[in-house]
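Please go over the structures that come below.
Look for subunit A in each of the two complexes below; its partner is subunit B in the first and subunit C in the second.
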Partner chain A sequence: MKSLIAALALSTALITPGLAMARPVTLTVNMADYGGRPAYLAIYVTDSSGAYAGSLWMAGGKTRYYRHLSDWSQLSGGDVAQVDGITGASVGSGRTMEMSVDLTDALFDAGYTLHIDAAAEDMRDSPNEIAVPLTAAGGGQAVSGRRYIADFTYRL
Partner chain B sequence: MKLAFPLFLISTALGFGSVALASGQGLSLTAGTSPSSHIAPGTDVTLIDDDEDKDESVWFWSESDDDRDACEDANLGGDEGEDESDSTCAIGVTGNAANSGTVAPPQNGLFTDGIAPVVTTN
Partner chain C sequence: MLRQLHRWPGLLAAALILALALSGAALSMFPAMERLSSPAAVQGQSIGDLAAKVLASHPGVEQIRRSPSGKITAYWFVGDVAGAAVVDPVTGMDVGSADQGAVQRWLTDFHRSLLLGDSGRYATALGAFALLILSLSGAMLVARRQGGWGRWFAAIKGPWAGRWHAELARVAVVGLGLSALTALWMTAATFDLLPVDEANPAMPSDVSGQTGMSPAEMAALQDTPVADLRDLTFPYAGDATDVFTLTTGAGTGFVDQGTGKLLAWQAPGPWTVVGEWIYLLHTGDGAALWGLILGLAALTVPVLSLTGGLIWWRNRQHRPHLRGMVAASAAETVILVGSEGGSTWGFATSFARAVQDHGQTVHLGALSTFLPQSYKNAKRIVVLTSTWGDGDAPTSAKGALDRVKKAAPMAGVPVSVLGFGDRSFPGFCAHAEALEDAFRSAGWDMPMPLERIDRQSPQSFARWSRAFGDMIGLPLNITHQPMPPKSTALRLVSRKDYGESVQAPTAILRFAVPKAGLWHRLTGRGFGRFQAGDLIGIVPDGSVIARLYSLASSRADGFIEIVVRKHTGGLCSGQLLALQPGQLVQGFLQPNPGFRPDRSRVPLILIGAGTGIGPLAGFCRSNRGHRPMHLWFGARHPTSDYLYAEDLAEWQNDGRLTGLHTAFSRVGLQNYVQDVLRDDAEVIRRLMADGARVMVCGGREMAQGVRDAMTEILYPLGLSPAMLKEGGRYAEDVY
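Up next, the complex of A and B:
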């Protein structure tokens, strides 16, 4: 019985900090009425030095178009493994994409920036269309895009 | 005479057969076998392209056609959501990144290991 309690205490001690280190975040991308085909979006994070930290989502599955998401492609080396398992459909004009994810707590108020590159068929590429610092205070504040994205918001 | 009669029958049968082939709608060995080559002049014709290949136009800018491989051609669809469901070429090596739910998400330290973001579009 003692060993069971000890094991339970140990597992709780190990699991609890892990749960505390992530926070549920909802990211909302409202697409502009740009009138073209569905857009590819790369959502990724850079650290305080501007170095690539990782990808959160890739909207659009065909890898040969990823070079049009030029900042993501350059920073990630175009490594498709970075988005394997976190890829979905491209997003149409006027649509809204909502993403729910448990983000690591350490990303907030630590100099990390969330970026979105966008591109669509027969239209101009739009690298770094969204660049928003990840801060607790910035949650819920809409950030306007330039070409394909009307606005972007993350909520903690 | 007994030998000549069967020979006559055989040659007659072969002769009729070749005439029938030449005058029928069978295989043509001549050029111009497209549907339009059998249509009388002045007839209104509607050609139906039912392969649903909506991606005949060039994606983004035109330089992107150069490196298209057979697997990508098989998956062309391009519309929202359609290009992600074909399992024929599911992995990045063959032209598509792996969709969410088909493989484990990357352990990049940004989100909880093993739990991919949940995305909805409306």
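Up next, the complex of A and C:
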């Protein structure tokens, strides 16, 4: 578990003096039994206009495969520095990934959307597998994925 | 050095390389199976046409991919449920599952990481590196063994393990080397050690904002054939700002969904292009036949591992064990040995021990390793060498002559050469003499004249050791009793007698094959494996020196057969001819790889006289593949010493023997085999023009007579026995 404030602070949209006003948020990704090799997941946030706001986590360490996370790749410009220090292992079929991130209050109920792109080798790319608005009320509610992710939950 | 470089990666990484090769060979079949099972491509079909068809059958289509083999897979959504299938480009309809089979996935993971994740990838990369070193050093060893790169595909001789090793390796080495090299590249790419320059054009900001155009009408998709397609990703349903993303072999671009125009395009960088070729070369994905070829090359690895291990093990067994031996650079006395069967090593070891006993440091090594600049502390160099054939270097002295000629002499380091041989051969100690000459002309200090040891005489050796000791100021008097190879009791099963009436008592003796264990069979030691033309050493009672006889049978015949003629006063032949069925003699097998038919289908010209017919008859008997074999045989009288007469007639009937020409010296024309050869000159020239090989077996005089006759016969063709020998087309077994 890593603190992700630093990474988010890189994005101009989120540079606020209120960095201290952060709260721990638990992200839980339950993978579906899709039966292939471990999947790469990019978890990132866009603002109300759909513009890239920052990355929260990258599951999968080999940067040459990041272009298969095609929305993340387009929005972030494929910039590996965006996930520097917030990269972990890819997530296997049927597994669960849980992590805690410190997110600024400013992200909630302000039109921000959390996205997850997923891809696995020799299988389809699944950009925008998850797209869930960040709201205080939405915390704790499971959202279904389309191909690789059974469901996703964030808890404040 | 080259050998070390080949040996250690081979021994240490054998299991790893074996695992990679076998899984690789299994994987090599998948591209071919995919190619066979994929629906046929439509000639000249455009991507637009294909996309429209898929869109018709799957309105929620999101992505269409084309694999290098031509398989087209579509991915779609129905509501929130994802679907995927292989589609037929003709109809756009599903024809099979899109998911890779579990077997292929498991094999792939095993092949690239041994199912161990990244640490496994490092291990397999290590295996690939070992394989690369093995391929490069192996290729150089083959070139060296063959006498140059130009003779890469020349016939290979030698004991079976080495022969098969080189035989397979010279065909497979390119595939294996390429597999290893491409594997290393792919690993480097996986670990981000290579630059990434895949096409990644910037998303266009300015799109038409319209939707609803059929892909079949889009110019950008209509202009590109399906054969170039890699991937076509559809815009999000309902997002008018999104675009088609098209990837072909030439690059990636975006297509406006309202106008069908190409909005942006970028070609991949050189690293990506090279990387794709590397991937194709390694996997055969998109080149199914190449994949199968690589798979076959990989299948040689188990055999190469086994034969390589055996070669190493045998060399180890043959290497003398000299306690207290020092490195070549530290030794005061450097002893170099040229030996074929190992007996010279025995003398050298006795000599080395005697020198050690006087407190001297000694290095004992093969003559082929001669490297004077490494003998930093040497006070003297001693060379003990036998001779192979008519004056060639024995196995452990291969290449030594050239090294001596090239190396600069060492001041103050005298060289002594001791030759071993059999005085009854014309090339007695010829290799030792050649070495002596080479050392002298290179300017080495040679205080002792060349000494020649006849038939492993312990007395001559002791005499030489005393003289050598006097020279270096050490009292040496070495008695070395050569040990014959471990012999086995052989039981006579039957005998057939000839030649009594022409004063040349001769017998074909047939012995039972002694039981051989699995290890002997595998390693070819003992009587586990033998062929006609190999030698059998018989140790007569009352002697330690073995006499060698050519084998007239192979292991597959199920018996050991030799032809023996009684020599006046001959100890061994006398005992053999007195042998009755059921009685035993002591014998051992000595492979004779220099006198074996090659495996090709070119005609064989077999020439023999007297007992020399033995191995030639064995070749005919084994000729179940009916290769053209023509035998010229000389004897004294057709009713007395016409050896194998009935067998030859039978083999001629059933096709094992193509032509039979006989010469009898005591009846009719009273001629010798070389006379008949001259009479048949036309036949021989025709056979030679077809690429025939010649094998001669018999006494020394007869062999010389045949060589003279063949020289005349071959002259019009511009050939000579010497040239043919060079090319491995003229072999002699002479006694």
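The rule we apply is simple: the second predicted complex is superposed on the first by the 136 of 156 C-alpha atoms of A that agree within 3 Å, B and C clash if a C-alpha of one lies under 4 Å from a C-alpha of the other, contacts with A are read in each partner's own complex, and residues count from 1 in each chain.
We adopt the following convention: a residue touches a chain if its C-beta (ideal position, glycine included) is under 8 Å from a C-beta of that chain, and two chains touch if they have at least 3 such contacts.
These figures come from a predicted structure and were not determined experimentally.
Once the two complexes are overlaid on the shared chain, A:Gly36 sits against subunit C while remaining clear of subunit B. If you count the residues of subunit A touched by subunit B and by subunit C, you find the higher number for B.
In the superposition on chain A, A:Asp125 makes contact with both subunit B and subunit C. Of the two partner chains placed around the shared chain by superposition, subunit B and subunit C are both touched by A:Thr63.
Touch criterion met: A:Val45 reaches subunit B, while subunit C stays clear of it. In the superposed model, A:Val83 lies in contact with subunit B only, and not with subunit C. By the touch criterion defined above, A:Arg147 lies against subunit C but remains apart from subunit B after alignment on the C-alpha atoms of chain A.
By the touch criterion defined above, A:Ser73 lies against subunit C but remains apart from subunit B after alignment on the C-alpha atoms of chain A.
In the three-chain superposition model, subunit A touches both subunit B and subunit C at residues 37, 62-64, 122-123, 125. Residues of subunit A that touch subunit C in their complex: 35-37, 62-64, 67, 70, 73-74, 78, 122-126, 128, 144, 146-147. Listing the residues of subunit A that touch subunit B in their complex gives 22, 37-38, 45, 53-65, 68, 80-92, 95-104, 107, 119-123, 125.
Against subunit A, in their complex, subunit B makes its touches with residues 57-61, 64, 67-68, 72, 75, 78-84, 91-93, 95-106, 108-112, 115-122.
Those residues of subunit C lying in contact with subunit A across their complex are 62-63, 75, 77, 80-82, 84, 99-100, 102, 105, 109, 189-192, 196, 198, 200, 203, 233, 236, 245.
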